[in-house]
Each structure stands twice: as structure tokens, then as C-alpha cells.
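Two complexes, one shared chain (chain A), two partners (chain B, chain C).
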Partner chain A sequence: MTTAPVAEAPAVPMTAKRRGAQLVMLAFAIVVVMGAYASVGLGINGQIPSGTFTYGLGLAALMFAAYGVLAKWAPWADPLLLPLVTLVNGLGLVIIYRIEQTGQGGASATNQLMWTALGVVMFSATLIVLKDHRALQRLTYTMGFIGLGLLVMPLLPFVGREINGARIWIGVGPFTIQPAEFSKLALVIFFAGYLVAKRDVLALAGRRLLFIDLPRARDLGPVLATWGLSLGVLILQKDLGSSLLVFGTFIVMLYVATQRTSWVLIGVLLFIGGAVLAGQLFGHVQARFEVWLHPEAPEFYDRELGGSFQLMQGLFAFGSGGILGTGLGEGFPNLIPLSFSDFIMAVVGEELGLTGLMALLMVYALIVQRGLRTALAARDPFSKLLAGGLSFILAWQVFIIVGGVTRLIPLTGLVTPFMSAGGSALLANWILIALLVRMSDAARRPPPQAIQNEGLTQVFTR
Partner chain B sequence: MNGTLKRAAVACMVMFGLLMINVNYLGAVKAGDYSTDNRNTRSFYKRYAVDRGWITANNGKTTLAKTVDTKDAEFRYEREYPNGRMYAHVLGFFAPESARGIELNENKLLDGSDPDLVVGRLIDFVSKKPPKGASVDLTLIPAAQKVAYDKLRASGKRGAVVALDPKTGAVQVMVSLPTYDPNELAIPDRGKVAAAYNKLADDDTDPLLNRVTEKTYPPGSTFKVVTAAAFLEADRSRDPETTVPAPQVLDLPGTTAGLPNYGGAACGSGEVTLRFALERSCNTPFGQIGMDLGWDTMREESAKFGIGEPIDFDLPTAGTTIGPEIETAALAQLAIGQRDNQQTPLQMAQIASAIANSGVLMKPTLINKITDPGGSVIEELKPSQLDEAMSGEVADELKQMMVSVITNGTGTGAQIPGVTVAGKTGTAEAGDAPAPHAWFIGFAPAEDPKTAICVFIEAGSAGNDATGGGTAAPLARDVMQAVLEAK
Partner chain C sequence: MSELALLLIRLAFLAVLWFFVIAAVGVIRTDLFGPRTAPSANPRKLPTKPAKNIPAKPKRGEPRQMVVTGGPLQGTIINLTEQPITIGRATDSTLVLSDDYASSRHAQLFPQDGQWIVEDLGSTNGTYLDRSKVTRPTPVPLGTPVRIGKTVIELRK
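Here is the complex of A and B:
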């Protein structure tokens, strides 16, 4: 960080609040979702489902409430974020409703709508309570402990639950919660606060070896600690996805904070080391890798545990979608195990086709882009790092899971943000968006005008 | 910090770019492999998601194959064949993983995927209706088909009956026995269908085989009309009254064996008219004619009837041939439809049809018209000429002789009261088997032919003393009569 943040402020034009445009876009997103919802019914039995208006109006009421909160408590916020998230969340609801119609167990649109409602409550609460996000900077270490605590919670006896082979759940009464989703938020806040405090040391100290600046050995501490934490998650919880998510985000934030490429190299080397180590030590990691390389092979396809059956069924779905897809309600999501969770993108690929996938990826890319723009426009290093980290973790999560189900990279389980069925992820991601909205409000708000502006000038010239 | 943030933004852009490239790669490059992977059950389910077009005959008045909406979530539309066994070899079947017959040949129209139906399909897609296919109307005449099927089945024989409209090439009757029930192969249960199919495929009587088009047999004496046509065409001073040598046994050059007449009988007084030779179906005159005409003339005349030429038909057809050019003795044998002379019943019906149609050979077809789901006709039978097999004059002379065959020759069994029938019988040695194939080709009414027919009874299914005149001609008579009544 060489330039002072204040000097950068004029680079971002101070436009209007654009609340009207946001309202129109929000209405448009809801119309798209309602259309999709009606389309599912038409596809399945030729009738518009009776719930179209209940679900549609329910979603509309929620989103306009969120809009109201945003307009009152964050009037200068980015106008695109809320409509984009509404669209993705709404389409997720439609797809889950569609899967529910096939009778696949575990998919419930009503539950998902309820969680969406709770998500909007969390979104609103975050905006109302958190007047200034910089308060979070003071909670850096608290957040670190919370993040760590949430991450290890599923390992504790009594509360921890193991579902589908991964120990990443805790039971609270009748609900199961995936604390890692909240942990990722706390950890990004912790990383941002910590890196702002330590970045000078991490950026400058060190010596040059060949063509690269190496940090001092003792400064490797935080990187190694995060690496150890990720490996711990991988080993103890068999949660490849979260492990990769946290470590990758930390490395990128470290790079953004220190501007030092060597951190990225060190990170990549540590990642490769960790992956090789884990691959040799643990069967399930190696199984994922084999399946990625040869999903078609019958011995992997038929393998009971860690086989490629699910991946192949997902790929068949992508393949059958074509350009326009089969149309909502006319594919075969029931052929893919857990289609409402990790593999929801395969259902999108089949029923909405390449067009739908490209559009949806574009919407995700736009959300990330709005977040990164907020980071660029932010006026202090903590906000920059936090907004950048939150945007990146969202993009990184989409990349890991969508890349996994499309066989771009080995499959590691993660939810698709805002789409997959599951309350924890939905709540956590709505909080994430609330933080971005809060920061974009701060970044876009015109700086207070100095009253004595002209007078000062006169004094200076005199 | 903005510099590195921008680089992180570029990294995000690259990640989304990679995802987009990859989904396109899946959709464009890998999709083909995935759709044919037999572990992908989608194609199996999808077959039953289409409101498949119906197959009808008699301008839509008779339903041959229909689609039933079961409202079942998994297999919504099922295929039924109301008179399956009778039409099995024409319709084929629509099985979970395969199809045959018209179901296969017209599949793209029936399931709506043909480019001609793209507009309707788009409308169905947008309005979320299940895709609907075009319906196909066949040229078959159900009343005559039923007569052919019932009579042939009642006789307990294996064989084939095919009748054509000589002027248009429209197939009026197509029956092959033994047959099978296509309904058993159309149920949406891969295991059961595979079992049923294997049982049929292992059956020694070969019920899956369409004997009209898919297998060739020696045509025997019915082929003499081709030899006669070549003989008359070669020299226009010849006519049915031209005399030809008719020894009791024809010497075959290069062999010790001779070519006798049927049953070793004499044929006239050693020299007979062409008409008499055809009426009595003498072997020796036609054997001599074949050898006199030579390979080139026989081949050329056969080709004009379509023999040895690939045929563009709605069902798969076996290749026909008069046999390879070898010693001269073979020429005498092929001229009477023996040795390596191999024809399908469809080809023999084509020969009768060309003679009936003043020498003009029409392209055979089963499709009367194809109607899109909206009711507008997208394809209609347009008669097309394949070749001119002979001059109209020669055709007339052949016709006269074939009428004589029915009135006072070997084909009296095919007489229809009040109708002039023309025809030719055939009794062909089938390899070393003691029993012969029995054939009849012909057409009626001779003055203005409305139907040309070929009846084929497979060797061994009608006893050792089966003959074309005794076994095949009466069946041909019944079927022709049924066609004429229906017309």
C-alpha cells in the first residue's frame, strides 16, 4: 500500500444512489423467478403450480423488506448486489422446488424459503446493528477464535454429527448446522484485521534469493498456522472443500495485503505438499483424484465408496442439456444423487442448458465484481482487505464447487452459494452480502464536505 | 493495495472464464459421448417422453401403431400396435434401446426431431408441451393385408406376400410369416424386452426376418419373364409366336449333366412357340435362350428391372443378383431362375409391376403421406420412375403370354372370375433340400393393372411336392381379389 486511501477517493465518481434502478431490477429478478416457478409446473403436468403466487409473493415481500432496510440504513450501497443475489437465491428455490417434485428425499422448497426468510432477517440485522463495519477491526482476534471454534465444533462429542461421510455438522435441537459456513466469515474478518496490522512486517522484512523476495522464517508463522488448520479440517473432518476454501482465501488476502508474489508461491507449494501428503495418507483424497482423472472407468463408477457414479450422473445431465436445456421440469434430476445440494448446477445445466449456466455464472461473476469494486473504492485498508476477501471467497467457492461438478478440478464437496439447499450456507452468505452492502455504502457515500473549503483557499493565497 | 486487488479481480475473472469454457466444452464436445453412454438412462426415459406420431393406413382410417398417454411420471407415452402380428415386419417396433422397420426409418418424423418439424417443436418447447411427432400414413390396404395374412397363416406355411400398385409403386400388401408381436418389444422395460428379443432371435424359423425384403431366394421359373423380355427386346422381329427349340433335355456345355424340364417331361414336339414355352414353363427353351443371349444381355436386362441395383426403399433390402459370370452352363440355369440367381419377393413383385405398367419400373414406397402434429401434410407420395425395363410393345407381348399362363398354362389356380389375370408360376430348387420354393408373380386386371403381386412360399414349409401353380397361385388370387375389391 503506497498511496494513501484518501487520495484515491476522487477516482471513484460519486454517482447518485440509484435506488429507483435497484427497485426496478429487484422487481425484474422476482418476475424472472416467478416465471421460472410457473415454468416448472407447466413442464411437469402442464399446469401453473398453485403455489406460484404464494412462493413468488413470499419471495417478493422478503426482498422488498430487505430493500427497505437497505434504503434506510445503507442508502448509498451498491444498487446491483441485492437484485443479483435475489435472482440467484430465487432460482435456487425454483430448482429445489423442481427437485422436490421428483420425490427425491431431502429437497424441500418450503424449508428453503424459510431459510431465505431467516437469511434476509440476518441481512437486515447486520445492516441495522453494524453501523460501521470498521468496528469489526477491533474484534480481529475475537473473530479469529470464533472462526477456529466454529471450525472444530463438529469434532466435539455430543454436538458433532457425521453426515454423508463428512464430520462438518453440529446438531442444535432438531436442526443441523454447518458451522464451517459461518466460520469462513469470521476467518475472513480475522485475516483482514490481522493482515492490516502485520502487513508491513510481512511485506517488507526478508531477503532476496535469486529473483524472489523471501520472507523471514518467523514470519512464515501465520501461513503455516493456516496451512495446519486447513490440513486439520481435511484430516479430521474429511472436508476437502472447506479446507481448500480457507487456505486459498488466506493466501490471496496475504498477497493483496503485502503485494508480495512470494507468498503466493509459498502458498502454492504448501498446497501441493499438503495435497500430496494427504493423497498418500488418506484413501478418500486419493479416491477423489482418481475419480477426477478417470470418471468413466467402470471400476471407479461401480465403486461403492468414493466412486464416480454421482459425478458421471452429473456430467450426463450437463451433456443432455444442450444449448437451451430440456426446459424446467423436463429433465431427470432424480438420477443424480444429492442433486439439490452439491450437484444443483448439474440440474441447472440439464434443464436450463448452456444458456442458463452461462447466465448464472455471469450473475455470480457480477456479484463478485461488485464486491471487488467496493474493495477498490473503499477508503481504508481494512475495508479493502475485508471486501476483497469476502468477494474472493465467494468466487473461490463457486469455482471449487462448479469446477468440481463439471470436472474442471477434482470434486470437493461445498455448497453452491445461495442455490444449494441448506440453511447454514444461506444465512452465512446473506451476512456476507450484508457486509459487502455495508462497505459499499461507506465507499460510495460522498465524503463530508469541508465547510471552510473556499475560506481555506483564501487563507492559503493570502 | 489496489494493484494487487486488481490482480485478484483478474484471477476471479479467469476462474469464471474457465468455468464457462468448461461448461461449453461439456455441452459441445463431451455431450455426444455422454448421451451414448449406456449408463446414462436419459435416452431411455426420453424415448417415452415424446408423444410419438401414429402410424396409420387407408388415409388415417386404420391405426397400425398408436401412442398411449399413461400419465406415468417416468414413462408417460407408451407404444401400442393394435394388430401387431399382421403388420410386424412393416412397422417394426419401438423398443427401449432400438427400433426397426418404419419405426426406425421414419423415427425422426415420428418423434418430432426432423428439421421439417422444427417450428412445431419450438412452439411445444416454449409452451412447455411434451414434444409431439408427425404421423405417418402407409400405402397398405388393410383389407387385403388381412386376407394375405389370414390365408397364409391358415395354411401354416412360411413365406411372403407383397403387392404393389404398378402405376405408383405404392406397396398395397406386405406380409411375412412367421411373425412376432411387436407389443412385447415396445414395453418400457429393458430386461423384459431383451429377453423377448433374444427368444425371437434364437427361434429357428426366424420370425424377426422380413421375408419380403431382407432375404433372397432363387426365383425359379418366375424369372423366365425376364429372360423372355430380354429375348423379345434383343430382336424386335420376334414375338410370342416365334418358335424356339425345346428338347427334352438341354445339353449344358462343359458338363455331363443336362437341363431337363420340370419332372423330366417333354415340351411340345421339340420346337414350340415362346408363348407355349412360358405357358408350360418349359426349362429347355429358356435355358437355350439364356445361353444364346449371353451374359451381357442377361445382365443388362436384369439391371433394367432393378436387379443388382441398390434400392432406395423405406425398409432395409437384401441385395439381389443373377449370379457371377462363370461357365456358360450357369447362364442356362440363371435364365430359369436357378443356380446363383437370388431375388427378394419384393424384386419379383417389381418385375411383375414393370410388365403391368407398360415396361416402366416405379420406385416402391410404403409412405402415403406424413402429417405434422398441426394436421398439415409435409410429405406426400409422389410416384417416381426408376427405369424403363422394356418397351411398351414388349411389355404388351409379355402381358399376353402371362394371361395365357393363367388361362391355359401352369397358373390356372390364380384365375379370378370376371377379371383377366396375368401371371407366372415358379418352383425353385432350394439348394440340396428336397422341397422346393413355390413362387407366383402376376398382376390384374391385365387390361388396366391395379395390382402386381408376388407370393413366395418357403421351401420345406409346404411339403416336397409344392409348386408355384398349386401352392402359391391360389393365395395370390385371393389377395389380388381383395385388393381389387378394396380399390
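Here is the complex of A and C:
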């Protein structure tokens, strides 16, 4: 409390809208993306490809449309979120275009641009419809049910599809949708609403045992429920990635809400227990561990399903990229299976090298930083938890997939946000960014000015 | 396209990519600390601010009274002016304490930019703002207890 007046004094520059900075950064991001397109063409056949302008201007039109919506419906929003996401999404398009040029099946830059357009539509729709994000707090349990429903949907007969050994898709007409991507949003909203309501009891009740505040046994319920849920996903859908994503996010949000280290300890212990158990009992989890520990062993390298061929090809790509990379258009992304989805970071590592990969990770880090800054600036606990949870889930997803591709942790199938080919993830992540933009608008909007004449009613505008 | 040209394009692209990151960090920097011109503009603004404040009555939200809420002098009220307030056992203090735990020149309160600042004047037992010890001049929010020996004071409107 004592520092409150000091903390409020430098808040003055925060209230600036920074439209100029936002436009300049947006244009900069698009120039970088168009430069990348040109560079791909020059690397492949020495010509600037015609796609430079169609894709580049298409992306520019989309992003400036998104900017228009943002300026109209969320004028105080963070100036950096949109440009940063534009860069990542644009570079994803370039890499997919580059992989398409090698003739690898499944990669289509046109499709990805179309999904980006739909993503921007979802972004705009979220901003226009959701005038006040606190409306989501009233939907806490609805969101919980929606999230659960979406998560188990692929298990249902008729709609569920099993592709590449994981049952995480549903078929709608000619399209397949990965509902887990949307369910992660609904679950974060649910966790935020639930923890705001329950955080006092979760934070305070319990007794102290050897430096750690242990919670009461009956308060373990939600943790155990989430743990069971993520184990269920792991076992029934063979989706290691989503399981880790949901459980990790829940534990971190629990920690943010209660500031209690014991929750993190309990979470980590439960997770290690679950992982060891699953590794013992289920073949596909065990295979992931073996491949992670000994990718170079010939019996794993040659194994037909769940072998280490893909991982090793990715590592070779990183190796041949080195510090500065081979240059866009000059690597061999066609040698990596599924290089356009899970292993897109390996292609970046090969063609842009460690330098480019680090720049890209920095951009992700900055997106997360803007989200966490929004959480710090937010005025109510629900917004704080929601912004913190959404930023964390983005960071956590990037960590899980990049860690998997670089063999830091066992490889789990997750898409790289905004980069991997795939519509569901792109749409879900654009909605995630729209929520962050909405919250940063609310957090940065200057509070209504008190009317100096006493006796008049103060007017609040929402 | 020659090897050299491709190499240069490659390096240029990486440089531009990093320049983007640095530009983004620059925007964050301005967001946190204000534009780079702010420090040079401040000294010019500072003299005008008190000039505006002195003739006017204290603005809404600024403290007008210092109230002793604890200790032997409980109930004493001192109206705040632009003059600093000294607190201690010395007889020339604004608030003279007869407290064994207070030093002769214990602490002072002075206004600055519409805020009242408490400063410990090297007392033996220290001055506490809320529960934290005052080690350097610290602004006193409205209604926050300042403890000097057995005496507790706070600012009120």
C-alpha cells in the first residue's frame, strides 16, 4: 500500500494509445514477411516469386483490416500484440510456401492464407461481440463444460477421426477440426473464473509442514480432477501434448491465484507420477520416451510407427543450419516428415539458423510479455488470471513443441502457435490474441476522470 | 544469383529480423518509462507545478490535516500548510513528543508535488510507514499510519 502513489505516477505514459507506433510496427512486420518471400524465391531459382506480392499484399490487407477493427473497438489496446502476431503468422506462411515449393504433400500456403483470413475474421468478431471480457466470468461453468466437451469430442463415434495414431480430430464435412485447440481457450476461461471464486480457500486453508504450507485434503479435488482429465486425454486420445498443456496451465494458474508453492510441488509430483505410470503402462508413451533418450539407436530410427526418424531429421536440419542458417529457399525441408506442421521450427532452424530461430522465439517471448503486462495492469482478479493464463498457455505451448523438436523434452504432438499449417490452431490462437487485446484495452484505458465539482454523480462509461 | 549476393541477402534478412525485435523492445521501453524526451522536459515542468498549487486550496484527494491517532498526544490535529512539520523531543519541533523512544529530531514531513513525504532524520529507533521502516524520503498516502516511538500519526483530508 505504501508505494501506491509512487506506482501511479509513471502510469501516465501508459495511457497513450500509441497508434503511430502500432502502424509503423505493423508495416515493418509486413515488410519483413515480404522480404522473406522474395528471399525464398531468390534462394530457389534466383527470381523474386510472383507470390511475394499476392501473399504479401493479401497479408497486409488482412492485417490492416484487423488494425481497423482494433482501432475502432479496442482503441486503448496494446500497440505491439498485433504487429508481433502478424510477423509470426506471416513467417509461418512464408515457411509453408517454401515447403510447398519442394512439393511435399500437405503444405499449402494458399490454404494457410485462407485460414489466416478466417483467423482475422474470428479476431474481429471476438473484439466486436465481446465488449467487456468480464462477461466471460459469468460463463465460468458453461465454459468448463464446453472445454470438457470439446476435449472428449474426438472420442465419440462417427465424428471422431484418428489421424497419424492420435484421435484428436473431428470431421465436419470435408474438413477436420482439432477441437482441443478451442477447448484450451474455454478451459483457461473456466480455470480463471473458478480460481477467482475459490482462491481464498485454496490459498489460506491448510497447515504448515516442514517449510511448506500443505493444503487441506479436500481442496485437492480440483487438482486431482484436472490431473485425471489430462491423464484421460493422454490415455484415450494418445495426445501427450494437450494433456501436458492443460495440466501445466492449471497448475500455473493455481499458483498465480494462491501464491502457494505447495500447489506447484503437488502438481509436479502428480505429473511425474502420471508420466512414469503412463510410460510403464502404455506403449505409445513409452515409445516417446525411448525415442527421446536414444534417437540415434538404429532400432528406433528404422521403426515404422513412432520411430525417431522424424526427430533425427529435424536435428540434422538444425545442425546443417548452424548459426546463420542455409538461407531461405536453400535448405532441404522436404527431408523432414510433416515439416509444415509439428516440425516447422526445424525448417526455421535450418534456413534461418540459430540467429533467426532466436529472433522468432524472442517475438514469441514479446507476445507473452505483452500478455503478462496486461495481467499486471488489469484491475480485477478475473482479468489478471485470464490474461496471465492465456499468455502462459501460449508460452507453454511454444516451449513444449520447440523443446520437443530440439530434443530438450520428449516430443509431443502440438502445433507451433501461428506458424504450423492447420486451421483450428490458427483460429483458436487468433481468438486468444483477441481476448488479450480486449483485456489490454480495458487495462490501459484511463480511468474515468473524477468530476471536480462535488455533489455531481460520477459517470462511468464502459 | 551469385553465392555472395545470396549470402548478403541472408545476413540482411537476419539483421532486419533482429531489428524488428529491437524496435518492438523500443516500443515496450517507451511504454514503461515514457518517451526519451521526458527527463529533459520534466525540470521545466517542475517549477510551474508548485506555482500552480500554492495559491489554490489543496486539491481534492490531498491531505489537509495531520492527526495523532495513537500515543500520549492522541487526538492532536495539525492543519497542513506548505511548511514542513518536524516531529521529535526537541522543543522547537512542530509536534513535541515526550516519548522515551523518540529522538530529539526524529522525523519530518514535507510537501512535494502535492504529496506529503516523510523523512527519518537519523532517529535511534526509526520511523515506520505502515509496517515498513522509512529509510529514505517516502510519500505518505492518506490514512496510512506513521509510527514514531509510541506515537502514531496519519494524514487526513
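What we mean here is this: the second predicted complex is superposed on the first by the 436 of 462 C-alpha atoms of A that agree within 3 Å, B and C clash if a C-alpha of one lies under 4 Å from a C-alpha of the other, contacts with A are read in each partner's own complex, and residues count from 1 in each chain.
Criterion: contacts are C-beta pairs under 8 Å (C-beta built on N, C-alpha and C of every residue); 3 or more make two chains touch, one makes a residue touch a chain.
Computed from a predicted structure; not experimentally measured.
Counting residues of chain A touched by each partner, chain B versus chain C, the larger count belongs to B. Shared-chain residue A:Gly353: touches chain B and chain C both. Contacts of A:Thr54 after superposition: neither chain B nor chain C is touched.
In the superposition on chain A, A:Gly319 makes contact with chain B only, while chain C stays out of contact range. Look at A:Gly43: by the touch rule set out above, it reaches both chain B and chain C. In the superposed pair of complexes, A:Leu335 makes contact with chain B only, with no contact to chain C.
In the superposition on chain A, A:Gly327 makes contact with both chain B and chain C.
With both structures placed on the common chain, the touch criterion links A:Val256 to chain B but leaves chain C unconnected.
Touched by chain B in one complex and by chain C in the other are residues 1, 39, 42-43, 46, 324, 327, 330, 353, 362, 369 of chain A.
Contacts from chain C toward chain A in the complex involve residues 1, 6-7, 9-11, 13-14, 16-18, 20-21, 23-25, 27-28, 30-35, 38, 60, 115, 129-130, 132, 138-139, 141, 144. Touching chain B in their complex are the following residues of chain A: 1, 3, 8, 39, 42-43, 46, 252, 255-257, 259, 296, 301, 312, 315-324, 327, 329-330, 332, 335, 349, 353-354, 357-358, 361-362, 364-365, 368-369, 372, 375-376, 381, 384-385, 388, 391-392, 395-396, 398-399, 402-403, 406-408. Within the complex, the chain B residues that touch chain A are 1-9, 11-13, 15-16, 18-20, 22-24, 26-27, 30-35, 37, 39-42, 45, 49, 125, 127-129. Across the complex, chain A meets chain C through its residues 1-2, 4-6, 10, 12-14, 18, 21, 25, 28-29, 31-32, 35-36, 39, 42-43, 46, 79-80, 83-84, 87, 324-325, 327-328, 330, 352-353, 355-356, 359-360, 362-363, 366, 369-370, 450, 452, 454.
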